Structures are given as structure tokens and as C-alpha cells.
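I'd like to ask some things about the structure below.
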Amino acid sequence: MNKVVNNAEEAIQGISDGMTLMLGGFGLCGIPENNIRALVNSGVKNLTCISNNAGVDDFGIGLMLQGKQVRKMISSYVGENAEFERQLLSGELEVELLPQGTLAERCRAAGAGIPAFYTPAGYGTEVAEGKEVREFGGKKYIMEEAFQSDFAIVKAWKGDTDGNLIFKATARNFNPLMAMAGKVTIAEVEELVQPGELDPNFIHTPSIFVNRIFQGVDYEKRIEQRTVK
Amino acid sequence: MNKVVNNAEEAIQGISDGMTLMLGGFGLCGIPENNIRALVNSGVKNLTCISNNAGVDDFGIGLMLQGKQVRKMISSYVGENAEFERQLLSGELEVELLPQGTLAERCRAAGAGIPAFYTPAGYGTEVAEGKEVREFGGKKYIMEEAFQSDFAIVKAWKGDTDGNLIFKATARNFNPLMAMAGKVTIAEVEELVQPGELDPNFIHTPSIFVNRIFQGVDYEKRIEQRTVK
Amino acid sequence: MLTKQQIAQRIAKELKDGYYVNLGIGIPTLVANYVPAGMDVTLQSENGLLGMGPFPTEEEIDADLINAGKQTVTTLPGSVFFDSAISFAMIRSGRVDLTVLGAMEVNDKGDIANWKIPGKMVKGMGGAMDLVASAQNIIVAMQHTNRAGQSKLLKELGLPVTGLECVKKVVTNLCVMDITDRGFELKELAPGVSVKEVQDATLGRLIVQGDIPDISF
Amino acid sequence: MLTKQQIAQRIAKELKDGYYVNLGIGIPTLVANYVPAGMDVTLQSENGLLGMGPFPTEEEIDADLINAGKQTVTTLPGSVFFDSAISFAMIRSGRVDLTVLGAMEVNDKGDIANWKIPGKMVKGMGGAMDLVASAQNIIVAMQHTNRAGQSKLLKELGLPVTGLECVKKVVTNLCVMDITDRGFELKELAPGVSVKEVQDATLGRLIVQGDIPDISF
């Protein structure tokens, strides 16, 4: 099966200018830190990134924005990033904002071979512009299509060398959905184990969805809002 | 939250003639044995049952067929049941056969607030009759709608009194999807535990989807094809 | 006039035993502080947590355990984690009993705007559009007027809409209003606030019928 | 003529290292017995198991662990269980590299019928319609003719279709054929079977080009 690569540099082989990437995480929680660092170092440009958020100025996808590697962001919330706002208002960066549930479902649909579905979210709003509206049971819905992406890049807690993944707590978020959805799926994990070490009953992402896997290093896991009792 | 009921008889309160039920399980694996017994004893009639299979002659939904309680079956495979075939050919029983993946996805859609989606399964076949056909990316798909059901009845391995569920091995099958999909969801479990006893990271069905829960008794777990080395 | 805390406290009176509740960022978050003792209310955080507990101690802090406001939180017995698709499955299928949101504007038909100020602020809707499109029971917590003193309770929205005809109740610093077919229906007044003050601060249709009691907590 | 075991054995030659494979009920199931030693092939069973192992011993039998044929099975290191929606997500999104199915009829465009005989047999399609609608690589394992000696490799299907233009290769007791734009293209003959015998037993368009080698295993 040989899905194991040595590090992020190897994992991102084949990602080239103009591609569409999915990147897991909610805020800075559960983001693929190693792969993002490698993408920044690679200098790859003109990317379309599908990610719920765009990182902060000096971490996460924010690092790729600093390097002007991103042409377009598809996100649900981008309010934590001054450089993002600057590029957006200056017209350097394109952004498509989508309801969070729609973003999740369009990832999931891509991974489920469902080309399109209907959702009530965004009906009557800017989000619905140019989209088909249809009534079911007296309620209005809009049609949303599955995302097309070249690579999906996710971060898991544990994974085995076959590609099975488990996520921790709310670091799960978009990761399992994007893992299903990429033409090629890259997973970085905090702990890489042998097949059989994960309980088959409690795996979040079955191996078949994962193409490349490696154990990441130096996780910073930055916290955006450190709230305590 | 008080979702706990004493037994199947209490759990099925409110199920009445003419209703639509979802019943979890694949073959006889992971079927809600206690609830089925209670439904047989209740004598409720004229039911529409959504279930991947229809049991065998003397077990599972087969028992409800013997009692002529089922007006219509919505299934993907019904080939293990002579009484089923007799009622079908005599016109006593209506059947709607659907691709297994479509059956699963129509349950999941109901639980996800997705009224309809497109799938390639069944395009060009009898299954597509009367359904919208649409092309995405040069391939033909048919539109399938979410199931409407009054009660979903599932069987889990363990559950807590809040309604969180975990399933065992391939007894999972349709159960988590149907658990999401009922107007009212009834779960019977082999072992009912207190909140906090299940690891929050490894729960298959979050409590919010479950309305009634109880610990079942006398599981037979009949095997259809006992194959050994 | 109510403080932010009092707005939250008043909204907490709408909670019922067994409710699953989603609280938005800002004043809505404060509602959690006023859940009546002994009442079983479960908080859903749309990033993937049902059964959100209080903020952690320094020792308990876990970067992998946050809420939708990106704050570090804890779990409770019975808590469960899930992915974003399942989270919004709960929301769109109407399993969340009460949703409390902030708003920039609400109109007298129950339309809400809270995600964008064209040319000025682009933050995004996050989960708000899914919530308002699906929830049966949406309460808005907001200030009655903006900093310039202009009404945020309008006849027509000025800002891009988040969802249509979805808000059922509004609790502001001035009053409690239900949204009915006839517009904003004044139900309760903040202590010391007159009907006239509410009328002056409301641009949408306002129904005042009979004596309006003071808000009680 | 090939036995059922030999049909399975020939199909096993199509396996490649790293393949995820779905094997239907009947002859396809036998393919698992011929996976070359050392080759890493993972079996998907659409009821919710990836990494299907061999049948259990009497002691290992677990009623909660079956395959799509409802047979008791076992797991292997790296196996994973999942629900039916995820299972068909794998299938519809094209993650299964090879699908082997039985068939009642196949036509020369690659249409397949295997789920219903009107007025006679109503069993249902199970997962077959999802598989044939999505899989990129479908091999059919079947007898070339029915018990009455009539061809099952047709110009037009007589039975209700399961999926259109999906079968890529057919392995029968008589031969191996690829399905191309021009029809069934004869690739290999079972030992002792002549081109004439295949032609006589095939009603669909049959292309015979050059020398046809014997099937080797």
C-alpha cells in the first residue's frame, strides 16, 4: 500500500501553481501545520484554498497569504486576519464566502460521489445568487454542488500506515470531510502507528480515502482565544 | 433529559396504524430485536417499513410480515424470505426496491436536513422512472429525496442515558443513518451506561438524535450464513 | 435599560428542561451563565461539540478543544465530538431547540442581517446562515440602536440579509418583542423604559397592545 | 472450459498491489482465494467493512461481524468498520479500484442485468446499482450461456438493466472478453475452447482479431 512518506516536503509533491486545495481545521484548531509550512517553503502560487477560515496573520493559511500564494479563498469566516482583509480590499485576493454547513456538506458530497444537493442555508441571500432555487415540502432550498479539488490536506491525531485516521476532540471539524474529498488526500498525524493498533470500530476516516500519510513534527497548536475559569 | 424508557413496549408508544418506520440492520445483523418483538405483539398494522432487508421468514421483519402488519417495504434486497415473496406476488404487499447506497443516503439526507440530492445509482434503470435526470460534468445522475418517517428504530451496542450511541462491527450498517432520520428515534442497546462512561471522541450517534433509549433483553443475534474456516 | 448581562439573563428564561441550545458569539454566549440550577440544557457548538462545559483551568487547557468562538472550553459527562457535516446535520434537521444570535439589523418580518457590511467589513457568515435557515426557534440578542443612535429594528434591512423570516423574538437593551405577522409586538419593557422610547427607537412596524409589563428575571 | 474456480483464478490476475476490491456474491467471492502471495489487496464489503479477513474459526464467530453476503467473517490488522453511507461514499466516489460482479446478462455495450426477473424473481439490487454506476473498473464473472444453452452475452438485454455501459471485461467459462466501442473483443480462450464455440455462444457483436491466446493462470 506504501502510503507513508517521510515528511511534508515529500507529501506535497505534485501540488503546483493554480491548483485547488482543501485544508482542514477550524480556526487554528486541527490545521495541517507541517503541510502548510511546506507549502509556504515551496513557493507554489495562484492557489485556490477551500478552508473554513484563513488562519491569522502569522499562522496557518495566513502564512500562505503573506507569501501571496493564494489567488482565491473559499471559506465561511475570515474575520481574524488583517493581511487577508488588505488583499481582499485591494483586489489581490478573491473570496467566496459560504455558510459553514454548506462548506462542510460540499466537501462531504465530493467524497460521497454526490454531485449536488439542496440546502436551505443561504436562500434569499447573496449566497443564492446564480444558484438554482427549488421548493420541497413548501420550503425553499438552493442547489449546491460538490467541490472539485486537486489535493485535500488534513491533520489527524493518530493514523496507521494503511491510512486509517482518528481525530481528537474538536480538532476533527472539517478534516474527515476533506479527507474523503480530495483527488489526492494527504494526512499528517501526530502519531503514526502500525495497522491493527487502532480499534477498527473507532476509526473516523477509513484508509481508502487517504493517499499519503506521515508523522508531523513540532506542532505548535496555537490557541486563538485562551479563556480560563 | 429523561429519554430512558423501561422496555420496548414503552418505547414504541405512539406508533400507530399507517405510519412509516425505519428499521436498522443489514440482514439480521444489528436489527432492533426487542422493538420488533414489541411491534409484533402490538398488532399495529398497515405500516410502511424502510429497511435494507425484510428479515427471514421467522425472524426480524419477517415476523411482522407473518402478522401482515406491513403494507409496503422500502428495501434494497429482499431475497431471503418466502413469505415476503408470497405476499408480494399475491399483491398483499407493496415493495419499492432501491439501490443500497441510495437507501442509505436518503436516510442520511433526512437526518441532515437535505431534502434531495443526486446520485448516479439507478440511472437508466427502473429505479429512475419518474425521477429527474440531470447531468453534472458529463455524467447522468438521478434526483433522490430524503425519506420521511415517523419513527426510526435502531439497535446499538452501548448507549448512555443521554442517548449517545456506539455500534459494534458490521452491526453498525444503517443504524446511525436511521438514528439521525426519524421524527422520533428509538434506540435499544445491549448495554445502557451513565453519561461520561462513553469516550466523547468515539461516539457514533450523538445524543441529540435519540429520543428514547432502553437496554434490550434476550438478544438472539441469529446468523444467516454461518461460515467457518 | 438592560445591560448585556441582563439581556442574556432574560433570554435564559426561554430555556426549558431538555433543550439543545446553540449560542452565538457575543451576548448570546452569556446566556450560558444564567441556566437555572437543576435545568438540563445541552449546549451545541457548531465546530463539533455537544455538551459544552465551562472554560478550563490553566491545567485543563487543550488547544484541540475549543468552541465556535475559538475559546478554549471543557466537556461534561455525556459530551460528544463530531465532524462539521454531522454538526450541521443536527442544525439543518431542526434538532437544535433554541438558537440565540446577535444581529446588526432585524426587520419586522423577522429577516436578519449579521454577516457583512459591504465595502467595510468582510468576516463571513460562519454557521449563522445554516442556523437561521433551519432553526424553528431563533431569539436575537442585540442593542436596540447603533452607536449613532439609529434603530437596528427596521422596516427593510439595509445590510445583506443572513436569513428570511426566521427571527421569532428579539431581546434588546430596551425591551422584549415577538415577531408576528403584524410586525414587532412589544411584550415587555426594560425597567425605566417607556413605550414612547421603544417607539422612537424602532423603525419597523411596532404593535403595542394593552399594558406592557416590565421585564422580570 | 473453465470451472468457477478457474474463472475466479483468471480474474485474480487483474489484481494489482494496493488495490481496494469489492467482490460480489457467487463466483466473484472466490477471487479472494487467488490473491497472489505478498500482494496487498484490501477487500471492501459494502455492509460496512474494509479489510475483510477469512472466515472465522468456530470460536471466533461473531454474529455482529458479517460480510455483504451475510457470511460470518473476520478482520485483519488495519481493518475498519463504517456505516452504510460512508461505505457507498467510497463506492460512488470511485475509491474502489476493482469491482467483480456476477451477471444474468451483459450486452455488447457493457450494460448489465443482474437484479430482477420480472414476474419470477424479486430479490433486489442490493449494492449492485451503486457499484455499476460508479466503479471505473468492473469485471463480470459469469457462465457464457444459461442452463438452456442460450447466450447471456447479448446485443440487447432482455432483463431489467442494472447499469449502463459499465462493464469493462467479462470472464466466462469459455473466454475472456473486453468490452470496447465495437462490442465484445475476444482476448483469451479457455483451454480446449475454439473461436467458433465462442461465436456460437455469443449473440452480441463479437470482435475476433488475430490469434487468440489460451487463458493462462
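Here are a few things to note about the model shown:
Chains: A, B, C and D, in written order; residue numbering restarts at 1 for each.
Heads up, the rule we're going with is that a contact is a pair of C-beta atoms (placed from the backbone, for glycine too) under 8 Å apart; a residue touches a chain by one contact, two chains touch by 3 or more.
Just so it is clear, the structure is predicted and the values come from calculations on it, not from any experiment.
Shared contacts of chain C and chain D, meaning chains that touch the two of them, come down to A, B.
Among the other chains, the CA centroid farthest from that of chain B is the one of C. Same interface as A-D, judged by over half of the contact pairs sharing residue numbers, among the pairs A-C, B-D or B-C: B-C.
If you average the CA atoms of chain B and of chain D, the two centres end up 28 Å from each other. With centres taken as mean Cα positions, chain C sits 36 Å from chain B.
Taking the mean of the C-alpha atoms as each chain's centre, chain A and chain B sit 33 Å apart. In chain A, the residues that touch at least two other chains are 105, 108, 112-114, 119-120, 167-169, 200-201.
Looking at chain D, residues 75, 81-82, 85, 88, 91-92, 134 sit in touch with two or more other chains. In terms of which chains touch, the assembly is arranged in some other way, matching none of the line, ring, star or all-to-all patterns. Every pair of chains meeting the contact definition is listed here: A-B, A-C, A-D, B-C, B-D.
Interface residues of chain A facing chain B in the complex, by the touch rule stated above, are 105, 109, 112-120, 134, 136-137, 139, 141, 145, 166-169, 200-202.
Touching chain A in their complex are the following residues of chain D: 17-18, 20, 40, 42, 44, 50-51, 75-82, 85-86, 88-96, 134.
Of all the residues in chain A, the ones that touch chain D in their complex are 1-2, 108, 110-114, 160, 162, 164, 180, 194-196, 200-201, 203, 206-209. Every residue of chain B that touches chain D in the complex is listed here, in rising order: 26-30, 52, 75-80, 85, 88-89, 95, 97-105, 107-108, 119-127, 157, 167-177, 204, 221-229.
Taken in their complex, chain D has these residues touching chain B: 45-49, 54-58, 61-67, 69-73, 75, 81-85, 87-88, 91-92, 115-116, 122-130, 133-134, 160-164.
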